[in-house]
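Two complexes come next, and they have one chain in common, chain A, joined by chain B in the first and chain C in the second.
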Partner chain A sequence: MRRWLLIQLGRAGLAAWATASLVFILSRVLAAGAEEAMLGESNDLRVRTGATSPVARQALRQRLGLDEPVFYVTRTSRASATWRWHGPHNQYHHWLTRLLHGQLGWSFRDGQPIGPQLRKALVYTLPLAGLAAAAATLAALALGLALAGGPLATPTGWRAALQLVLTSLQGIPVFVLALGLLFLFANPDALNLLPAYSLADDPENLPFGTYLLQLIMPVLTLVLAVLPELALPLAAALRHELRADYATTARAKGVPAPTLLRRHALPNALLPLLTSFASLLPSLLAGTVLVESIFSLPGMGRLLAEAAASHDYPVVVAGVLVAAGVRLLGLALSDALYALADPRIRLAS
Partner chain B sequence: MSFMRRPRLAALPLLATGWLVAVAAVGLLAPWLPLPFPAGAPDLLHVAEPPSWATAPRHWLGTDLFGRDVLTELLFGARQVVLLSLPATVLAALAGALAGGSAGFWGNQGCRLPLAAWLVMLAAVWWLAALPGGGQAAGLLLGVATLAWWAAPRLPWVGRAVWPLPLDSLFQAAVTLLGAVPRLVLVLALAAGPPLSTGHLLLLLVAVAWPEPARQVRAQMLRVRTLPFVEAARAAGLPTSRIWLRHALPHACHPLQATVPLSLAGLIGLETTLAFLGVGRPPDVSSWGQLLSMLRQEPSAWWLLASAGGALLLTLLALQRLARPNH
Partner chain C sequence: MKYVWIGLLLAIGSSACSPRDKHQKHSIVRIRWVRDPENLSPLVQPNQNAVDALTLLHCSLLQLDFSTGIHVPALADSLPNVHLVGDSLTEISYQLRRAATWDSGRPVLASDVAFTLKLYQCPGLPNENARGQLSFIRDIRLNPGNSRRFTLVCRGQAPEFRLETGDFPVLPEATLDAKHTLRRYSLAQLANLTSLPPRDTALTALVSRYQHADPSHHPERLPGCGAYRLQAWEIDRFLTFVRKPHWWADTLRPTPFVLQARPRQITYLIIPDETTAALALRRHELDVLPQLSARAFKRLQAADSTQQELSFYSIASYELLMAGFNTSRPMLHDSLTRQALAQLFDPAKLQKATQLGQGLRTVGLVHPSNRSYYNDSLALPAYNPKQAVFLLQQAGWQRQAAGWVSAKAKNKAQQAPLKLRLRYRADDQVFATVALQFKSAATALGIPVALLPTEASSLTTALQEGDFDIYVRKLSTSPFAFDFSMLLHSRTIPKSNFTKFSTRTTDRLMDAIAATGAPAQKRKLLRRFQTIIQQQAPFVPLFFLPYRLATARELQHVHPSGYKPGYYAAAATWNIASSTVAAAQ
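== the complex of A and B ==
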């Protein structure tokens, strides 16, 4: 078991490194275009100060670290097409060694180091994602039990309606959910119940109550986005367990239906839910990209979205690394929970 | 589901199909429709106005923040669905069926290639990557490959030089690589550069979407390849590639019928999300996501939410209805 987990984690880690490297190299190959875009944007602001001169361009390339070759070997040009070996003096090598020393590099946009920026953003994102994960799990348990609790194998009445709503919710993009909630609950023309936008930049200076009130809608959006993929499989697993022989025996003994559901079927039906935990954290992270952009929370997701929109590659690559790390965490967490929930796995290891 | 069997909801599949056909038709025909306002032309006297049906410039669905007619933008936004998401889904399903089907059918040991085939592949890689020697080295390799092909039935030690191509491992590696980060983050990272053309965006969407159908086809193929009719085809002496393409693959692609509408819904969601965030596309391309993104500046613009959000929601729900089996 332990070995299996190690192999799984190793494979995921390798994939994370490969993905980050791929994104890095692609972005640096394409960065020539981004540099043009940056010069163009600065041109719009300052009226032709000669920023397009070759000297200025060279200076910008040097400042951004783009003047060195991208990789250990590069192909010179398409026509002559020869390979050249550059040794360790290349952008990828510098990036990798810096990364191994725990340094993520500098943002293209403002030249600030990325590490502190990320840390500041995670102060917002971690409570948001953690609250959403906890709330989604509890809601999924409640809804799963409610959906499977009917007298028949196929749900009827309000259960069928609830199932239909959950199924419909499944394919709706997060940003549509967020906009809908924003429109319903934070609109002067409709219900003006909740604050839509964060007012202060610093979460520590905010009164705790206001902070929580601001988190309600983002958390609600995230919960609605991930709820169907947690609750529907749980309900299906519960229904499957209720059809098993031991459930029939328990019913014949006269165990009341709620006890049967909670004590007998739920522990067995929990295992698939724990497996979907591995994908819960990554999908929450993907959700924060939109939720934080819409509700103006200066967190990790918004950082990534803004970096992508403004061609800030070092930040994007750092975001990819964080996302891959979150997935590794999700895998390890789901596995630990699995071992905790299933004595057979614990005994086998 | 008994809820669905009520007569009130019996017409739903028909309605869903009708809506999807309408979206497809509008998307294809948008440039030739007789619209009162041309696409992308701002009406600067009427910026961000709710629908006005009474007064002279009749913006049936209002105008957006740039003064463009929402109805026109909405109809042209359907183009993105038809010309981007739909082809991406079809290509991803095709690529997934081929990749997952071959990985499931041959596994790691099943696809044994002779020396000549390996040499031809090496030559192709050599030529494409322009390794030292270029065309001459590739030509030399091809020559050796021809020699090996000629010698294989005649010389036993050449004939025995057969190595398996680890198709399944390659497939799993590719899927793991693409699954290392959430799909949205991967697309954001790869589209972070200068605005992409439609072709490049299409390629990008296919690249992130193919593992899903591929996994389903692979799982089904593992089941299908042990069925009696495949065994019978083998026993009858049909060539393996023919068994794969004509007999096993059609059966292995069965689960795709239900999941292709869902993956189309997923890709429409992804495309509108990209447009909403303003990543990867030039800002003048009409899209439902772009219309919705204006709500960030003007949260009270209910007509934008109602039109673009409604169209998107109806399309996604209709696709979900289509994916559910009709019984």
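== the complex of A and C ==
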């Protein structure tokens, strides 16, 4: 088990490093955007031309560490292009060395270390995504069992309606869900129950009730966004199991339908749910980009979206590392759960 | 059970959403910002929000009076005296207010101004923007007999120097340089340094002190002489500024408008999404909602009860929506062709479609509100496809089966049919609307147009490389300066003159306009310049965009304005009487 875990973690680490390295190199090659963003736009007649002079540009490049070669080797852009070796004096080497020492670098925008920024953002994102993941999983189990509880062929009546609702929900973009909830629950013309955004007053003494109120709509948005992709496959898998021979035998022996569903069909039908679970964490992370922007939560998603928009590449690369880590963690977790749920699956394989 | 849950939700909701204490509310103003200011160092000022915050924390020599639209003395006692020296230098003399003091009670002196200017030029600090902006100030001469009097020596001569020499936050020397180490350097010496001299311990120590103080996130370590201090800053959530109980300008009678600071507290709430912000305003969780889009503005106005609760303002800004032609392209080299294509933009309908008809149409770069310099004898650009066809024919284009072909073509490249690529920033619906309108009008005449929505930084690169035929973009103009060289001068090709348009006449005119201070002469030159540019048509000015603002109705004296940020927070007051009446009703 320990060896398997080490191999999994090693693979995950390698994949995260490769992804982040690629993003790092691409972003540094395109770093002109960051300079443009920081030196003021060329569409402002009020900016004196001196502000964007080559001297100012060079000084900025030096301060941001962009004046060194991007990688160990670079290709000259002259007609007779040749490769040039730079040794360890390159941006990638510095970044990697810092990373190995646990430092993610500094933000272009505010010059602050990225680690604390990410930690602060995760304080908002982890409870949000964690609550949403737990609520979505529980709701998916409940809805899956409810949907599969009827006739074996196709759902009818309220089950058919519920399936239709879930299928429709799957086609609604996250931002539409979020705005829909806002217009429903934070609108003086509708139900004026919940705060429109993350209330800012005195965050240290924020009452727990207010904190919960702030989380209701963001969590609900994420749950509604991922619920169909968890509940519908589970219901289909449960129906499939109920058609199996062992289920017919159990029925013939007089096992009540609810017991058959929960005790016999559910453990066998969990595998598709676990597959979905692997993609749940990245889906939630992607969902937080919109949810945090709409509900004004300063979490990871918003940090990354704003960093990308303002060409703050060190933050983007750090975010990619975290996102890749989450994705790989999700995969490793689902592999482990697979093995636990189905003893036929050997970890060694 | 379900009623218990609903009851609990209502109870928590009512406690969390209950209106704050009236007395407390009427001294606080809550304003929406789209993004965090990110950096509150006076040297950096990365965005408008940072500029707004720094205006609360610091004072400049001169500041813009939003009630009159002119720069007036703030830290300065009066407007500066300008003295031209020869034909290449300007001396500008200031006198500081006697009442002006730092929070410690120490007076604000000319030595503080000298320190500030030197800090802006000191290598090793994050001052790349400021260095360039203030590089025209070459020296500061302190008056030995009067510690509040000084003269700035500027390289060149331009009427705008008078305002630009007064438009920077003045910083306290004692905080960062108590031992006066910077005094041994002249301003020019520092400006000429490209990096920190390796053995210069004084400068290295100063840079180290600055970095250690980290004023970008701890502005309290470099306290200004403004009316407010930063009380709290939760990044990406909010910033709270509180009024200093004893501020030096409180003793001035009458208090100049730019030195008024009425709210006890100003809180900027970072709400990225406009719909969320609009709902927050309606729920009284917000008091000022600036920079509203046309759609949100219309929706807010149409909502029930908002007319009683909110005030709405729309004022033409100084941001010009324009389309530019790549004049280096052979097919767009002729001004007649450019004039013809200019007739295919429909500014009137675009203004209606994208801005609810708000904003201000214009003949050129000068704002129509400037009655003296605006050339009102010129016709506004208008949609006229018939005239476009006529002008195209005048320019030598003939409509054939393959499209519009130039009869004047001398080589194969010039024989290609007229075909255009229009580039614009992808993240703004206004640009897309303009592009689609032009494409539709051009296609109707048989001119194919390819639309190229482009990411913002890639757009600048593409424009600099000339990879376009027409662009659509916004241009921030200045109500006070008339130096258009950045946009149309030959020396700024291709860095910022993307159209690559230049003629000797317009170059000379722009240089003369920038150097002339005499209003009558300037008026003559500017009117001529606008006429020539309309004839040459390197770009089409569509209209000046509006700034839209919605505020709580009881909040008064916000001074809606076309100047950024579109309001003046420090002058705002609550009309308590009307709110009490409203509450009673």
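Assume the second predicted complex is superposed on the first by the 314 of 349 C-alpha atoms of A that agree within 3 Å, B and C clash if a C-alpha of one lies under 4 Å from a C-alpha of the other, contacts with A are read in each partner's own complex, and residues count from 1 in each chain.
Keep in mind that, in the parts below, contacts are C-beta pairs under 8 Å (C-beta built on N, C-alpha and C of every residue); 3 or more make two chains touch, one makes a residue touch a chain.
The shown structure was predicted, so the numbers you read here are calculated from the model rather than taken from an experiment.
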{"item": "Chain B versus chain C as contact partner of A:Asp110, first or second or both or neither", "value": "second"}
{"item": "Which of chain B and chain C A:Thr19 touches, first, second, both or neither", "value": "first"}
{"item": "Partner chain(s) touched by A:Gly180 [first = chain B, second = chain C, both, neither]", "value": "first"}
{"item": "First (chain B), second (chain C), both or neither touched by A:Ile294", "value": "both"}
{"item": "First (chain B), second (chain C), both or neither touched by A:Thr248", "value": "neither"}
{"item": "Which superposed partner A:Thr97 touches (first chain B, second chain C, both, neither)", "value": "neither"}
{"item": "A:His311 touches, of chain B and chain C: first, second, both or neither?", "value": "both"}
{"item": "Footprint overlap on chain A, where chain B in one structure and chain C in the other make contact", "value": "30, 33, 36-37, 179, 182-183, 186-189, 196, 293-294, 311"}
{"item": "Footprint of chain B on chain A - complex, ascending", "value": "11-12, 15-16, 18-19, 22-23, 26-27, 30-31, 33-34, 36-37, 75, 81-83, 154-156, 160-161, 163-164, 167-168, 170-176, 179-180, 182-183, 186-189, 196, 282-283, 285-286, 289-290, 293-294, 304-305, 307-309, 311-313, 316-317, 319-320, 323-324, 327"}
{"item": "Residues on chain A engaged by chain C in the complex (per definition of touch)", "value": "30, 32-33, 36-53, 55-60, 62-63, 109-112, 117, 120, 179, 182-183, 186-189, 192-200, 203, 207, 209-210, 212-213, 293-296, 298, 302-303, 306, 311"}
{"item": "Chain A partner contacts - residues on chain B that touch it in the complex", "value": "1-4, 130-132, 134, 176-186, 188-194, 262, 265-266, 269-270, 272-273, 276-279, 289, 292, 295-296, 299-300, 302, 305, 309, 312-313, 316-317, 319-320"}
{"item": "Chain C residues within the chain A interface of the complex", "value": "9-10, 12-13, 15-17, 35, 38-39, 46, 123, 126, 128-129, 131-133, 135-136, 194-195, 216-217, 234-238, 267, 269-273, 275-277, 279-280, 282-283, 285, 303-305, 365, 456-458, 460-461, 473-478, 481, 483-487, 492, 495-496"}
